[in-house]
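Naming follows writing order (A, B, C and D), and every chain is counted from residue 1.
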Amino acid sequence: MSLAVDLAPGREPGLRLRNPVMVASGTFGYGTEYAGLVDIQRLGAIVCKGTTLRPRRGNPTPRTAETPAGLLNSIGLQNIGVRALVREKAPIWAKWSVPVLVNIAGESTEEYAEIARILDEAPGVAGIEVNVSCPNVAAGGMTCGVDPVLAAEVTAAVREATTLPVMVKLTPNVTDIVSIAEAVVGAGADALSLVNTFVGMIIDINTKKPLLGAVTGGLSGPAIRPIALRMVYEVAQAVPVPVVGVGGITDTVSALQFLMAGAAAIQVGTATFVDPNTAADIIDGLGDWLEREGISDIREIVGAALPKDA
Amino acid sequence: MIRTDALVLSNTAVAGDIFLLRLRAPEIARDAAPGQFVEVRCGSTLAPLLRRPISIHRIGPRAAGYAPDEIALVIRVIGEGSRLLSRLREGDTLDLLGPLGRGFRLFPGTRRVLLVAGGLGLAPLVALADEAIAHEVNVVLLGGAETACRILPPQYLPPEVEYQVCTEDGSLGACGMVTNLCPPYLEWADQVFVCGPEAMLPPVVDQLRALAQGGRRLPVQVSLEARMACGMGVCLSCVVETRHGLKRVCRDGPVFDLTEVRVW
Amino acid sequence: MSLAVDLAPGREPGLRLRNPVMVASGTFGYGTEYAGLVDIQRLGAIVCKGTTLRPRRGNPTPRTAETPAGLLNSIGLQNIGVRALVREKAPIWAKWSVPVLVNIAGESTEEYAEIARILDEAPGVAGIEVNVSCPNVAAGGMTCGVDPVLAAEVTAAVREATTLPVMVKLTPNVTDIVSIAEAVVGAGADALSLVNTFVGMIIDINTKKPLLGAVTGGLSGPAIRPIALRMVYEVAQAVPVPVVGVGGITDTVSALQFLMAGAAAIQVGTATFVDPNTAADIIDGLGDWLEREGISDIREIVGAALPKDA
Amino acid sequence: MIRTDALVLSNTAVAGDIFLLRLRAPEIARDAAPGQFVEVRCGSTLAPLLRRPISIHRIGPRAAGYAPDEIALVIRVIGEGSRLLSRLREGDTLDLLGPLGRGFRLFPGTRRVLLVAGGLGLAPLVALADEAIAHEVNVVLLGGAETACRILPPQYLPPEVEYQVCTEDGSLGACGMVTNLCPPYLEWADQVFVCGPEAMLPPVVDQLRALAQGGRRLPVQVSLEARMACGMGVCLSCVVETRHGLKRVCRDGPVFDLTEVRVW
C-alpha cells in the first residue's frame, strides 16, 4: 500500500512525501519543539514558521483567543528572520528524513525574491511555501494575496529566484479564489496550499474593546473546515498542479474529505495544539482506511468526490 | 513531558466555585516540579477547542495523604472550559499534556520562604510549600482574593504553613490587597514567590525598591499568566517582554525572576 | 431604561423596534411556527423566509448538515411566492405588534423590483430585507451580492419600487465587504444587515460524494461569528446608516459584541434551532446587563468598541 | 409541545452499542403519542451544535413498571451526539423539545397490528405496541438488524408482543432482511406500521402490490427519517416528496400513510 505523493511532479527532483500529511506553518514551530512528543520523522512534511527577511517582533498581546470550534491568532509573524533560520535551523533539518518547507512572507515583491534566493543555497530546505496571504501584516501580506496580478507577480519573482519547489499559499478572504489560483499557477507555482486563516475578531464585553492586541486576527480550526473544503474543491477542478488542503482538519475523516475534494496532500494546523499527535494519528488512520477499502494507493482517492466530467 | 489520560480520583467543591481535582497521573507526578503546569482537554468535543493551562497544585505529597502517583489541580469556574472540569466525577478520565514550563527554583540555602498568592495564583504555590516543608524550610503563605468564597480553606494546606488571608471586601481576614500583608515578611524571608494577577506586581516592586534602598535585595520569582494556544512554545501566543527580549510564558516561564520582567 | 432602536431613521415613519433583537430570515419561518413556544410579540422584529416572485421548490435533499459549531444549509429558497405570502401571511402579521420584514430574492433586477412593488401594498409588512447574497440560487443571488455595481442596481430598483424601509443583506463571500456596503448605501438602502452565510461544503466519505444534494451550502452558526463580527466592525465604520449584525449570535455576550462593534440591532438565526428561546433570552439578558452597567439606553453601547477617531 | 429539562432516571446498555434512557419528563409523557419524537440537546457546548431527533420509545407504560411521568428513549451510538447521550448518568438532566411531529394512528376497529422495524426503527414502534396492547389489540413485531448486537433483547418489550427477529448476518434469528418475514403477517394484520431505513420500503411495496392484486388493500403507515435542523417545521431541511407535494418530515410526519409517499 502506498501513501506517497509528489507535490512538484513537474520539477526535478520533485517534492516527494512519504505520506500526504503535513503540519502547517506557524503551528509546529521549527519542528524541534514537538520532537520530544511526536515522532516527527513519520510526517509527510513540516512547514516551518512564517519567515521574513529581517527578524520580526510580531504583534502586541493578547495574540490568541478561542472562538466556537476555532482559534483567532494575530501572532504577526514574530520570527528570527531568514538568515538566522539558514544558520541555526536548516542545518538541523538537513539531518532529518522528513522534508521541511520554509513558509516565507515579504513586504514587497523584491523581499519575497530575496528570501527565496537566500533559501536556495540552504541545505535542509526541501521547498518554499509562499505566504501571499498573511492577514496580519499591513504591508505586503493581505494586499498581495487578494489580487491575482500581485499574487502572480510575487510568485514569478520567487520562481525566478530559486530552483526549489515553490508552493503558493492562498488566502480565503477573497470573492473568487479560483482566479487567484489560476494566476499563481500561470506564474509558475509548482503547487498550491489553501487556505490560510479568515480575518475575524472578538470583542471583550468587559473592556468594551477588541480582545486581540492587533484588533483583528486570523480564524483557524474546525470552524472554518467547510469553507476551506469548498475552496479546495473549486481550485482542484481549475488548476493542473497539486493542491494541498488546509483548514480545520482534525482527524482521518476530515483529512479524507479534503483528499476526496481533490487535495493531493493536507496540512494539520490548529489541531496539533489540541492533540500534538493529530498528524501522526491521521497517517495511521489513512493507512487503516485504505486497507479496509481495499485501495492500494492513496492517489486513487484524490479527487474522488469531484464531478465526474471535470 | 507526555500526553496521558489521568484518572479522576475525586472532585471536591472546596469553596464557592473552586474545585479540587485529585488525579492519578504517574508519569506527571514523577516528572513535575512546583510551578509547572499541565494543558488539560476540557471535554471530548470540538468546543471548547483548546486545552486549558492549569497549574499543578500538589505533586503526591505523602504527608497530605496522597499516593506518589497522584497530582491535584484546583479549578475556579470562569467559563466553559473550567465549568466542564468542575463537573468531572470519580472514575472519569482527563486528557493531560505535561508537565510543562519551568517551575520555581528553591535555592539550597533558603530557610524561610514567603509565598504571595492572588486568587488562584495560590494553586502552584502549594506544591512549592510541600517541597519547601520537605526540605524543612519555613513557609509563610499570604493568600488574597476578592471575597471569602474564593479563598482556599486552611485544611487544604500543609499544617506547617503559616497561612494569612485577606479579602478585598473584608469578608475574610484583613481587608485589602494581599500585597498589603507583605512588608513584615519581606524582612524575614530568604526567597519570595509571587503568583497572581499582573496588578500584584507594582506594589510588590515598590516594596522591594524600598528594601533595596535599605541595602536588602531579595530574590523574587514570579509566575505569570498569559493567553496560551499551544502551551508548548510553538505558537508564540504567550510572549512577554523581558530583559532578554520576548520570552514565551509557556516554555521559558511561567516562572521568571522578577528582575527579568520588571525593573526596580 | 430603553432598548428601542430605529433602523430607518432617515425615512418616515422609520422602522422602530422595541428592542434590537430580531430573528433571521429562513430560521423563523413565517413567525407562526414558533408561536406556541416563544412569545414572539416580545421580539424586536421578525424577518420571514426568503421570498421569490413565484413559488419555488428549493434544492434536492439532503439540505442540511452539521459542521463543527456550524450548520450548512442548501434549502434553495423553497417558498410559497410573494403573492401567496401577501394573501395568506401578511394579514396575520397585520394583527401583530411585532414588526415583520419580508426577505426577498429575485433572479433579475426587475424581479426584485416587482416583488417590492407587490409588498408595498400589503398591510402587515413593516419593511423589506433585500437578499442580494443568497449563495444557493445560481441565477441572481450570489452574482449580484459580490459586485458593488450589481448590488447597487438591485438596491436602487427596490428603493424605487417601494416606500417601505429597505434593508439590504450582504454576503460575506467577498474580498471587500466595505465597498459593497458603500455602493448599496449610495443606492438608497435605509439599513444594512450582515452577514448571510459562507459558501461551504461537506463530503460524505462513505459515498465519496458531497453530502448536500446541492453540493455546496451556506455556513451559519457560532463557527462564523468572529468573521461576521469583523465585517460588522468594518462596515459600521464606513457607512452612515444602521447596520444589523447577523452571524453566530447565541447569547447575550455575543449579541453585545455585535452591538459594541457598531450594530444597531442583531439577528438570531441558527441558534433558534438549538434553543427556540434564544432571542427572548437575549432581550432579557441585554436588559439585565444595561441595568448592571448603569446604562439607560442601549444605543449608548452601539459602536463602543470602534476606534475612537472613527 | 415544550422545552424541558428531563431528569435521567437510568441509562442501561441493553445491547452492543444501544442504550436505554429512562427519563422523568411529565409534560412530554402527558402529551406524547406513539410515533412522535423529541429534539434532544446532546451536550451543553456549541459542538455538537444542533439537537438530535430521537423517537419516543416508551410513554410511561405502567405494565412495564414505568411511572406515568416517565418516557424512555433508545440510543444507538453513531457519532458525536449519540455518543454523548450514551454517557448520561442517573441524576443528569437532558434538554428536550417535544413532543414533535405526527405519530401513528391506530384505527378504532383494528384488532391485529403488524409492526415492522429495521434497526432502531424499532424505537417508536414499542410505544405503539404499548398503546395497542392497552387497547387489547394483538401485536406482532418483526425486528431486523445487521447483526445480533443491534437487536433489542425481548425483555425490553411488552410480553404480549409476538417478537420475531432476523439479522442480515444470521447471527440471531432468521438470516436476511426483516421484510422477508412479513408475508404471512400481511395476511393476518388489519394495520401495518413500518419504521426503518428507506431500503425497507421497496420490498414492502412489492408485497403490498401482490396483496392488492388479490384484492386486499392494507392500511400501512410508515415513519420516515430525514436530516433535520429545526425539527419544528421552520427550516425546510427535512422535506420529502409526497402525493400532495413537498412535506416536512418533522411536522407533517414523521409518520405518513404509505400511499402518500409511495405508489403501488
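In this section, a contact is a pair of C-beta atoms (placed from the backbone, for glycine too) under 8 Å apart; a residue touches a chain by one contact, two chains touch by 3 or more.
Note that the coordinates shown come from a computational prediction; the quantities given were computed from them, not determined experimentally.
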Enumerate, in label order, the chains that touch chain A and chain B alike. C, D
By mean C-alpha coordinates, which chain is most distant from chain C? B
Between chain C and chain D, the Cα-mean centres are separated in Å by 37
Distance in whole angstrom between the CA centres of chain B and chain C is 47
Using mean C-alpha positions as chain centres, tell me how far chain B is from chain D in Å, no decimals. 53
Going by the touch rule set out above, which residues of chain B reach two or more other chains? 46-48
Mind pulling the residue numbers of chain A that touch at least two other chains? 68-70, 221-222
Looking only at which chains touch which, which shape fits best: line, ring, star, complete or other? complete
In their shared complex, chain C is touched by residues of chain D numbered 1-3, 41, 46-51, 97, 226-240, 246, 251
Mind listing the chain A positions that touch chain C in their complex? 67-70, 72, 146, 173-175, 198-203, 205, 208-210, 216, 219, 221-227, 229-230, 233, 248, 253, 256-257, 260-261, 301, 304-305
Enumerate the contact residues on chain A facing chain D in the complex. 68-69, 222
Listed in rising order, the residues of chain B that touch chain C in the complex are 46-47
In their shared complex, chain D is touched by residues of chain C numbered 26-29, 33-34, 36-37, 57-58, 61-66, 68-71, 73, 75, 78, 221-222, 250, 270, 272-277
